[in-house]
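Two complexes are shown next, each including chain A; its partner changes from chain B in the first to chain C in the second.
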Partner chain A sequence: MNHEAPVARTLPSRLEGIDRSLPVWVMAALALALLILLPLGWLAYVSVSSESGATLAHYGRVFTDPHLQKALWNTVVLAFWVGLASLAIGAPMAWLSARTDLPGKRVIRGLMMASFVTPPFLGAFAWVMLAGPNAGVLNKLYRALTGAEDPLVNIFSMPGLIFVVALYTFPYVFIMIANTLELIASDLEEAASILGAGRLQVALTVTLPMVAPAILSGFILAVLQALALFGSPAILALPAGFHTITTQIWALFHYPPKVEMAAAFSIPLLLATALLLLLQKRLLGRRGYASVGGKGGQRRRIPLGVWRYPALLGCLAVLACSIFLPYGILAKAAFSRAWAQPMTWENFTLGNFWFTFFQYSSTQSAILNTIELGIMTACVGAGLAALLAYIANRKLILGHQLLTFLALAPVVIPGVVLAVGLFVAYTRPPLLLYGTLWILFVAYVTKEMPVGYSQSDATFRGIHPELEEAGRILGAGRLRILKEITAPLARSGIIATWCFIFIGVIRELSASIILFTPGTKVISVVIFDLKEEGQFGAIAVLGLFMLAMTFAIVVLMQTVLGRDFLGAKE
Partner chain B sequence: MPGVVIKGLTKRYGKVAAVERLDLQVKPGELVSLLGPSGCGKTTTLRLVAGFLKPEAGEIWVGDRCLSSPATVVPPERRQMAMIFQSYALWPHMTVAGNVVYGLRFKKGMTKAERERRVKDILGVVQLGGFESRYPGELSGGQQQRVAVARALVVEPEILLLDEPLSNLDANLREEMRFEIRRLHEAFGITTLYVTHDQGEAMVISDRIAVLHKGRVVQVGTAEELFQQPRTRFVAEFIGRTNLVDGVAVEPGVMARGTLRLRVASFGLKSGARVTVSIRPHEIELVLDHQARALAGGGENLLRGMVQRVSYLGDAVDYQVQVEGSDVILRVAAPPLLRFQPGEAVSLAVAPAACVPLTEGDT
Partner chain C sequence: MAERRLLTIVMAISGAVVFAGPAFAQDARLEAARKEGKVVWYTSLALPSAEKVAKLFEAAYPGIKVEVHRTGSQRVLQRVMQELQANIKNADVLHTSDAGHFVLLKEKKLLMKYTPAGVEKFPPGFKDRDGYHYGLRATVSVIGYNPKVIPPAEAPKTWKDLLDPKWKGKMVTAHPGYSGIIATHVLALVNLHGWDYFKQLAQNKLMLVQSAVDPSGVVASGERPVAVNGGDYTFAQTKRKGNPIEIVYPKEGVPLIVSPTAITSFAPHPNTARLFTDFIFTREVQQVLADSEDLYTGHPEVKYPADKPKLHELKLLESDPDELERRTEEIRKRFVEFFGA
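Coming up: the complex of A and B.
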């Protein structure tokens, strides 16, 4: 066997032991730490600082100011009812889709995915046009049919807000419960039947307890969404004359900006989300999913009998509220001179498109900014998330558990809160990013990190470490293995991550609304501006444009990677 | 051709020691199996040798290079080794040729033509000529196994490591591949460490076997040595089936349990010391009374007993015999010529050489 002179004899043995890839891992970890800890650190610092040293005065004012107290309470009410409503809609639909012979399941799943990716603030706009008290299409129809004076519904109200938010939040509950139900093998239920339990008893004693963690954690997930949401409350609650925490924080940024107050107001929201998430984790961790796993096991469909079509109708009614009606009114508004008038030939126009894309001054730069940010964030975010997940999966550096924690931490940071932290952190030296696209970039990368990380984590879990070790023992260094073995195997997973992040970025509103400056608007911010000007036609055009971009990415992902956006493989 | 020397190797996971002060020497060109039940530390040892893990104590030497110590671990890629994995670890995105040629790309000064020639040669050796452009997913389990073997051998490693390479194959193929691996070892003569939990596999393939228990080597030897002269209870039970009789030494060559007396294969026992004796089932002979009388006075241990259970196994009959005047039940593997029924009284004859006192306690 003729080897070249072994390296050991030419190099000092200490040098031989050094892993040359270590700097890469350490840099990635440091980048993450900086990304998360800097804004949060500043947020905490500003909330307790004043010109005369440390103080709790901001917190005192936050909790004694009756306006802020009211906003706090409104948020609690909103979040609780959204959670409950999402559960009421999502759980039955999940059961129908996972366990019964409901017709048209593929279509329902597809539409569910559509409501999942629809930006909630677009839905809110659409519902303003559908159920605004005066001009709302549904109300006009109602008045025409009944001759009544009063509107049927007023969307500018707490119930209206809950309804609209729930329409775009219930898919979270649906996914959670449907995926769990899919995992429960029918044998478990049959084992109970053979021992003498009736259908209802089986459902109550076997199925329900097994799904219970998913139900509860779906509820918490919905509550978290509602807590962090900015767009829908801004569109529906402000005209109704009330605030939620997020809109209140935003309002505190209006001239003259009260950053300390906003920071102090952000901390309770941050803590609330963190606590809820912790609770959800414990619920899922205690019992349940592992034992639900199990291999094989047939899942037999429960026949609905005469209820098949009524059940389908019910599902479609829900999806009509979240998809058909809103998309319909957006399309109508985009193509008509006056959106509230009937769709006649005289009312038809392409002027809205002309106005939006060529006359309205900020559209073109906003589209460019959005796409630019989307691509940059998706590339950097997917890359960083992949590196971090790789480090954690292969335990490459000390404290890799901390890395996982940090990467997932932004889940508990509502966009508005993150924005406040970033605003404070990057409006002062050494990193003066405010006023540039970079601050939005940093915000998006941070906000999308949990999604990117969990995607990448799942990807690397699926790649057996022996595949890498086989290359190393044959003479390839870690970085070479990463490039030649791991990356090609992780390719489709990383592309999926890229798509997830891109979609997340182009619809982002809650952080952008605080961090944008006139030169750095993005599409969602322009839509928000247009609302102030009452330009519904243009809103509809831009909204449809945004949806088209989103669905293009979804379809691309489905065809290229052959997987469903909700995680199911075809 | 270097050998491997492992000295005092220790690896802990948290507080649990997976490998503890393990010593082992592999001579140049030798194939040594690490044999033991799951959790005995055999795979951890192999991965320490490969450089995937860092030891807490001890050293691993290959030739005159110290490759692992708590201070420095030479990374796997600079160890001149090759490894065959339990999962084969073939890269699904590369063809058979791409997989096999991979390690050659790191050999400086080798031309492309030379690399291709070597790939072709080695695929011939493992009987996969013509499969170069297939992908691993298009091959059967046995063929994948052979690609993994080719990929490891083509780089002409100083040391070859195998981690339960046959455990994913079905029974027939496994048997066949045992001989194949032994054949390749004889052809290439690479110093090899082979991890397995299957004693049959270890016996066919190895020059020597190291039996591991709780992170330590409890006995090293050829298959024959381990089977005939086990030194601990663990080895006696793990390699083949056996009867273990606990008792006390009454003379240097005799142990006693109650009224039972056994002459054993040793004259080194200390009177009064506790001793366990291992007797392989096939070393015990069931004899008829007149044969027993003929044997009496010879060197054999002669016992009387009562047959309790009989299981017919085809090539042998498995008996459980209760020894008269004792709580000892012996299992006997007898040829199927003579048949006894449950409840029948029999005599048992055992040569003292077959009664092996276990000299070392298990930790």
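Coming up: the complex of A and C.
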């Protein structure tokens, strides 16, 4: 990550003293600080407050209540196994796609991107129809083929939950490892084979140690995802009679709400994610291998020989589980009267579409709300992220390192926890945002800031400051340079950031589920509402609509960027 | 055909409303409602039914909109309370299946006293003695099963039959922490068989869903062949759509759930709220609830489908709203303790 070395870059800006642009930078920094510190401050405050003054009683109850303890333990189990499963799927696929002559790599990358952007709760919902122990299509098929009594998979169970969550988490591991493998030159591996090492030996003793940090940090990333997830456990764990931390926090909001308990219960989750992220940073920071880091050197493709097609088949099998099967069953449910019955003419209907879009009065306003929030958040978020990344890259104000830290900090705040903090912060004067779209907007901007920031950061790293310096020499002010030189250069990067944030917003569920009011529902919340009432057809219709919107944005982004979403430049 | 029926209903209703009472006062109220333009309805009535009632009202009073916010009874209460905490006054009319909610809301002075036209003929169980809330509809909680999977001869006949270990992994329950129907159901059965009943039931590893509407779908799909609770109307409706479902009215008695409706004391559209409340208690709308939604109502002139048992033929387990309100925390806590979530 730390490639910036040129000292020359920092000098002019340090020496320029105070200029008129300073207020802009300071305002941006303050806005960020407010966004993050206000909800977290309130969260901490509420977790220790009671009518009779400060107390640790809420923490006491959180750690002694057997039900909450169980939820805590379930979350640990879930996150750990999701991490491992994601590695088991993601690492081999990354290696195959980066270092071998696997056929159909473009298709695989494309599908990988599709599972990356699929909202996990939609996947979980689809898997209810695929692998419900009795009515699930796959289990019925299995019974018909084998005559067995017991189901092949029971999706309403811890292993089922781990499986489904891993299906939509492994792309993180894939990206992490594939991108690292792309950076490692083959010289060392070749040297080893010249010295007589077998293929396996090369892989284990040369390649593996070089990607080890990426593997570990991919694992941590997957664990973080699993910790923060709300939708999938709500859909798969609750019917099986168990909670995770996130669903438990949500349940604590039911009437009569126990906000203090929810706040106290949020803190361990917050600490766990912070700790994991710290660990990941350590691991990546220590990456001192000379071979990683440049794009120099050649990367030789390892021939798979007879294993080419079996390997391809393996990859496609995984992607079938995350894409083909779920999308297929969603499409079937959208067009049928009874999703569990065979697709016949009698079972065919367009009624679900009619009901969802024209009869169900929440749909239209939810779609409008979602689009409105998506656009607002993407514009403000991308703008703010660009400003912040610019400040940090050009070292424009004192304490810019702190700015980087703050911008990335929301990564450790799970959506549910952020929502609890925002709920407490904005349900009281002077800022009464609850009940308006603004509270969702604030939540989304905060939640998407790390993504936006890292995207913008990468953009500005790619723009050498010499052009800006030329502008300075010719007498232009910072703001004018930003507008006339930097912004045009950064345009495609900023558009990509915009798209990333937009996609993040339309799939957001875990914060929205706590912050919505009936007038401010978004699509994901409507889907969750429908789920609680068992309206499968309508959920399928809305789910497909959401996917269509997502893919439209992805296509737009790829057109603008001229490359694929995950960074491949074939 | 369906449209013509709708038209007749609408005409009948608007006729009934317009010509009832002094025309002048009615006109003034209608004018005031028109100015308000809409009514916000927080309701736990199953989604398609709620949307249908809203469409009927909008057809009867063109230009006035009904904003339907449908969710589970407990979520309705949670929303209202959470909003009030943030000083948001959004809801005009509240309707849930947890009569205890209305005890609580009345106590907190959050309800407006209003007696809808025509409810004096309703049975006592549908009327609040202080005149704040009235039962819009009623249902009984029953057992449902899938006859394709379970031959009728082997189907459970009583609540106690469900404790048989042979049903292990084959049953589904809705959640009292979401549904008022189920909260009432649990209270009625606790009073009948004690908490031990639920403790034993939980040994059979039930699938947990949220809404009292959902078990019928789960049974129809075959995911679990037996539902241990759920409103009879949802089973009847699912069956009418051609799904394999049979309803069992257990001999020990069936919990009766009367779902009240009331106007809030802070209603932002009070005139429309009154107009709407009168509307949903007209014989025509109550008949719609009975015909197309298979619900029971308190209206004495409503006719029911021939194959639906009459309420007076059933042994009913009635619950006291005050007790429901008092024990709501206990019900949820113990249910979670036994069933896990």
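Rule of thumb we're sticking to: the second predicted complex is superposed on the first by the 540 of 570 C-alpha atoms of A that agree within 3 Å, B and C clash if a C-alpha of one lies under 4 Å from a C-alpha of the other, contacts with A are read in each partner's own complex, and residues count from 1 in each chain.
Here, a residue touches a chain if its C-beta (ideal position, glycine included) is under 8 Å from a C-beta of that chain, and two chains touch if they have at least 3 such contacts.
Since this is a predicted model, take the numbers as computed values, not measurements.
More residues of chain A are in touch with C than with the other of chain B and chain C. Within the superposed three-chain model, A:532 lies in touch with chain C and out of touch with chain B [touch as defined at top]. In the superposition on chain A, A:427 makes contact with chain C only, while chain B stays out of contact range.
Touch criterion not met for A:106: it reaches neither chain B nor chain C. Applying the stated contact rule after C-alpha superposition, one finds that A:301 touches neither chain B nor chain C.
With both structures placed on the common chain, the touch criterion links A:355 to chain C but leaves chain B unconnected. Put simply, chain C touches chain A in their complex at residues 40, 42, 46-48, 51, 54-55, 66-72, 74-75, 77-79, 81-83, 85-88, 90, 169, 177-178, 205-211, 213-214, 217-218, 220-225, 241, 243, 329, 336-337, 339-341. By the touch rule above, chain A contacts chain C in their complex via residues 67, 132-136, 156, 237-243, 247, 251, 253-257, 337-340, 355, 359-362, 427-428, 432, 434-435, 517-519, 529-530, 532-536.
Per the touch definition, chain B reaches chain A in the complex via residues 1, 50-52, 65-66, 71-83, 85-87, 89-93, 102-103, 105-109, 151-152, 155-156, 158, 161. Of all the residues in chain A, the ones that touch chain B in their complex are 1-4, 6-8, 13-14, 16-17, 19, 464, 466-467, 469-478, 485, 488-489.
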